[in-house]
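Same chain, two partners: chain A is paired with chain B first, then with chain C.
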Partner chain A sequence: MLPRRSRLSVLVFLVPPLALYAVAVLFPILQSLVLSFFSWDGITDLQFVGLSNYAHMLTGDPVFWRAFLNTLGYLVVCLVLQLGGALLVSALLLTLRRGREVIKTLYLLPAVISTVAIAFLFQRIYSFDPQGLINQLLSWVGLGELARPWLSDVNTVLVAVSAPEGWRFSGLYMLIIYAALLAVPQELEEAARIDGASRWVIFWRIRFPYIRPVWVTTTIMAATYALRGFDIPYLLTNGGPGQASELLTTYMYKTAFTSTNYGYASTMSVFIVVECLVAVGLILLLLRRKADA
Partner chain B sequence: MTKNWTLAVATAALAALTLAGCSGGGPTGDSGNIDPTGDIKPRQISWLLSRNSADPVVTTMQGIADEYAKAHPGFSLKLVTTPDRPSYIQKYETLAAANKLPELFDTDATPFAQNLAKQGRIIDEEKLLKDLGIYDSFRPNALDYQRFDDGSLYMIPLEYQAEYFWYNKALFEKAGISVPESLDDFPAMCTALTKAGVTPIAIDGADGWPLERYVSYQPFRVAGPDYIKQLKTGKSSLTEPAGQAMTNWLSDLGSAGCFQKGFSSKGYSDAQNLFTSGGAAVYNIGTWELSSLATTKLDASVRDDVDFFTLPMTDGSPTAANDFVVTSGIGVAVNSSTFDPLVKDFLKFALSKYYSTYAQSGALSPTKDVTTTIPADATPLYQKAIDSANSAGSDLVMPWDTQLDPTSNTTVQQDQVLLVQGDMSPDDFTKTVDDVITQNAPKYFK
Partner chain C sequence: MTTALRTSIPAAPRPRRRSGRPRLTAFDAIARALIAIILVAQVYPLAWLFLTSVRTESDFASGDPFALPSSFTLDNYVRAFQQNNLGLNILNSLVVTMGANLLIVLLGMMGAYALQVLGFRFSRLVRGIFMIGIIVPVQIALVPLFINYSRVGLLDTYQSMIIPLAGFALPMSIYLFSSFFEYIPLELYEAASLDGAGPYRIFGQITLPLSVNTIVTVVLVNSIFIWNDFIFANTFVLSDGLKTIPLGLQNYIAAMGKIDWTATFAAVCVTITPLLLVFLVLNRAISYGLSAGATKG
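Entry: the complex of A and B
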């Protein structure tokens, strides 16, 4: 129990940020929740519709489910590129004796480039006519028949819009995981090596369990960022062609600001909040359980 | 302590509910009050517009505003421009929802704008233009384009544009073809051009509206201008012959390889560059591009090869050959809640000078009493394009993006790409679009 004076000072320091958080974060979420029970086009009167927005979203809107599945696909690509790429590169970095700083900086660079610039860059990389980088590389290695307009092909567009987001932030997660790997005690690894453990066993049995708390945090960060991903897909394809790269976020944005159906868009935003909370819960559950096992 | 917190959270939730409950619905105004009383008090007025800052509409209006400011110290016209149309619409609709629209703003005669009119939030332009004594000087087509379905007029036209199929004669010759006489000749035209190694049609697929023009052509020729008015309200459907002609035609255009590969992610300037560099044979665009297509600014290597044809007919069409896409562009609405003696006086001054000055810049005026000045660097095609626009018929091809409710329009713009790419069958397209219109039209066309 804190003495009375300290309790007061804790309150004095905690209340302003909490109040700010309540106004800036909780209030809008609450307002979305309220708005999700209404039908509103922004200019005429609000109409209370009860749960019908939710009923329509869950049972009567195929585009919503298409967007939901696309979001899961986007999440998988982002996680593989960001976490897989980050783990691989940071593990390789540890084996380097020179040039670590240069590689780290180069790898982190995309995280500081503006989203719009990245979208332009990838628009050119994926271009079919004039031939972009990917199609050029394919024709150089004799796989010219695989060349295609990556952003217009319904089979490739989802991965094509997810990859830039994955590529962009993998450097950031690499830096976090690299720092965690550096903290793994050398004695443990040396002891294992003397006992004849292979590199893979050292990584899987010693390094990885040691960085698990950091891994959980980065997974949560990457997953929630990916579930909220919006800008690059919106700029590259605006959800198209058709709904092939429509994410929940782009669909919600269009519903609110193009269709001016603010009530239904709020229903989707509530779904996105719930979806992020569920994702965080699942990650904690899975990784904690593994840690306990 | 815990109890207090629960109480605080509950109170906050209640406050949020009350606030949200109160914030719905904008204030209603008076569209018909075109005679505001009081003195003219100069101040800054704003115009939210979706035009390029180098657009003659903007430069002409800016010049007039500067002139007005000299006689009225303290007056200025602030231009808030967002040339990208989809971004503009989002901005304007959000401002409307927040009731923060400025004195003047651009809008098409969309269902959303009609809701604003119904609430009395924009000025009745038929009354205002008649009051200013200029109503009768407009071309009927220019006013009709701005009208809502009930015939009411709430937007001022500032331009007049005709849309043509620009084509490259040399590439047509290379493919051994002539100008298509019917819309149904398009697939064969594309096949011949593709065989000759030429991209048939350059199109900006990223923006949606250019391909949506192609969506509107067959229904217009087959059933006339009323079809879209029936379709958008759910009184007609795409299963009608006019709709089926369209879905099958678009699908055929796709299988004939009419549009450049990867067109869905190509923008406005990509398409224009493809045509003006001689890379594509056909380009469907309006007279707002005359300065880049019919002047010496056009690349010398294609300059003499470029010509245009108007929207081809179909067999048994109820429309005339000179009925094609003629628009008076995005119009200007006047906010009724900020309409005061100053705004009225400025509009009176501006509109009395605007149309003649605008025509001197080489553009077509929506009024019929001024003549377009042909620029010094124009090719003979310039005059031909102006003459053709002047002889346009009275049935207008209404662009579907200004007609459909926003949700149905988004669906059409997204799925038309799939239809053309062969990723969606004409039947599926028909069903999807009909369903979305049935679901959304009642909200907009009460």
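Entry: the complex of A and C
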């Protein structure tokens, strides 16, 4: 603490950032909470409806549950690609002697690209006619009969809209996990190796437990980012065909800005926040407990 | 952190390798092949984007998407600029990126200075309130901001994008600046205080000049997200004159039912190249900024 500070100087420095934060983040959160108890189309008067938005969402809206399950699917695909890919690549990187920096940079490249550009790109990659990259690849390896329009096939569309998000940020988590793995003390591994432990055992019994705190943080980051995922599914399919790739975020967005049902949309956005908090809680509970055992 | 990484890289694996059990080399070969495959999957789509942007339309339409271009043309780039307001979109993105970055850096430093250097009774509580913003998804703010903007006439302005972009980035910025300010020795402040400098002069003449590296990191990391922002722009901007790059790119579809893919890809290349170049040149600072939050917290 500075010896010569006044109450006024604290306020001068604190109030501007707090004001922006209140206008952009805090106040809107409270407003959403309040709005979730109202029915409002933006034109006629606000109508207090109590918990009926929540009741409708949880018991009377099949689209909501469909979107919720899709969101879980989206989450799983993102986590597998991002965390699994990140762990695999960073573990493999450690076996290299040269070129690590170059590979890290290249691997991170997609994180710099805008989601609109990624949506364009993947529309071509998944394309059936003219043949896109994936279908071409399939026909080369002799799996031509699997070729399909990935984005209009109800069975594949959810995975197809989730994969680009996983692809995009895998490099980010690799960066974090790789830095953590580098920090594992060499002596621990040396000792295990002298005792005849295999690479596999060394990785899972020594390196991985050591980086567990970072792993927990990365899992939380990846999960909360995936739960708020919006851009790519919205741009690629806008939830379709039918509701096959509808996520909570895209459904909420359409409810708010296409059907202008602000009250119900707010109810859903409150649910999205709760979902994020529950996810964080679950991850802490599951991963921390394992660490203690 | 980065210097620590560097020294530990060459030292680590070398002595092991020399003792050479043959099983290890087989393992190494597989590991290398795997890395190569993953890397191709990661980078090839981007290379393909650039290759397609210099193809003629007929070459693109005629099939094999993996083939190298049989012709080279810059026509697509000409069409990309003719068809839509690409230049204007880039300008708008620059305005929004600079405006939001200015707020994020200035207010982030001020907040961190109040919390970390000045200190006050409820600073832990205020810090906690700021940290909420890291977990909360941006979607919760869309409807309220839309309503509030339309009340005060802020819809369809630069500010409508800058305010939430800066607001949601502020917590991370405060966090990064706070953890940097921790390392500025207290004696420095005390000495300045004894010389009669008040909190404002100390901020301007000690804290600010020392923070240049952190400022660069914060700006670079945020620029990636702001330059690419889609959701706020898509929600709050309606007129063509204010559209940023992500919205402008969408016009390439909306213009006519049939998409001019090669021109679209040329436009995409134009818009991602500046960021890619900055990233390739300064990737150390960006990498550090992106991972700092997780490894420290």
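The working rule: the second predicted complex is superposed on the first by the 270 of 293 C-alpha atoms of A that agree within 3 Å, B and C clash if a C-alpha of one lies under 4 Å from a C-alpha of the other, contacts with A are read in each partner's own complex, and residues count from 1 in each chain.
Keep this in mind: a residue touches a chain if its C-beta (ideal position, glycine included) is under 8 Å from a C-beta of that chain, and two chains touch if they have at least 3 such contacts.
No experiment lies behind these values; they were computed from the predicted model shown.
J.: Tell me the contact category for A:M252 with respect to chain B and chain C: first, second, both or neither.
T.: second
J.: Given the touch rule stated above, what does A:L96 touch, chain B (first), chain C (second), both, or neither?
T.: It touches chain C, and chain B stays clear.
J.: Check the residue A:G166 against both partner chains and state whether it touches chain B (first), chain C (second), both, or neither.
T.: A:G166 contacts neither chain B nor chain C.
J.: Counting only touches as set out at the top, which of chain B and chain C does A:A24 meet: first, second, both, neither?
T.: Second partner only.
J.: Would you sort A:L46 into first (chain B), second (chain C), both or neither based on which partner it touches?
T.: first
J.: Compare chain B and chain C by how many residues of chain A each one touches, and report the one with more.
T.: Partner with more touched residues of chain A: C.
J.: In the overlay, answer first, second, both or neither for which of chain B and chain C A:Q136 touches.
T.: A:Q136 sits against chain C, while chain B stays out of touch.
J.: Counting only touches as set out at the top, which of chain B and chain C does A:P233 meet: first, second, both, neither?
T.: neither
J.: Looking at the overlay, what does A:P149 touch: chain B (first), chain C (second), both, or neither?
T.: first
J.: Now for A:L109: first (chain B), second (chain C), both, or neither, which partner does it touch?
T.: After superposing on A, A:L109 lies in contact with chain C but is clear of chain B.
J.: Which positions of chain A sit in both the chain B and the chain C interface?
T.: 26-27, 31, 35, 42, 257, 262
J.: Within their complex, state which residues of chain A touch chain C.
T.: So the residues of chain A touching chain C come out as 1-7, 9-10, 12-14, 16-18, 20-21, 23-29, 31-32, 35, 42, 85, 88-89, 92-97, 100, 103-117, 120-122, 124-125, 130-133, 136-137, 167, 170-172, 175-176, 179-180, 182-183, 186, 193, 199, 214, 217-218, 221, 224, 227-228, 230-231, 235, 249, 252-253, 256-257, 262, 265-266, 269-270, 272-273, 276-277, 280.
J.: Report the residues of chain B in contact with chain A in the complex, numbered from low to high.
T.: 12-13, 16-17, 19-21, 23-26, 86, 89-90, 93-94, 96-97, 112, 115-116, 119, 121, 199, 205-206, 260-265, 405-407, 410, 414-415, 417-418, 421, 423-424, 440, 443
J.: Within their complex, state which residues of chain C touch chain A.
T.: The touching residues are 1, 4-5, 8-9, 12-14, 16-17, 27-28, 31-32, 34-35, 38-39, 41-43, 45-46, 48-49, 52, 61, 63-66, 103, 107-108, 110-111, 113-115, 117-120, 126, 129-130, 132-133, 135-148, 163-164, 166-168, 170-171, 174, 189-190, 193, 198-200, 202-203, 224, 227-228, 230-231, 235, 245-247, 249-250, 261, 264-265, 268, 271-272, 275-276, 279-280, 283, 287, 290-291, 294-295, 297.
J.: With touch defined as at the start, can you tell me which chain A residues reach chain B in the complex?
T.: Touching chain B: residues 22, 26-27, 30-31, 34-35, 38-46, 123, 126-129, 148-149, 151-152, 154, 236-243, 254-255, 257-262 of chain A.
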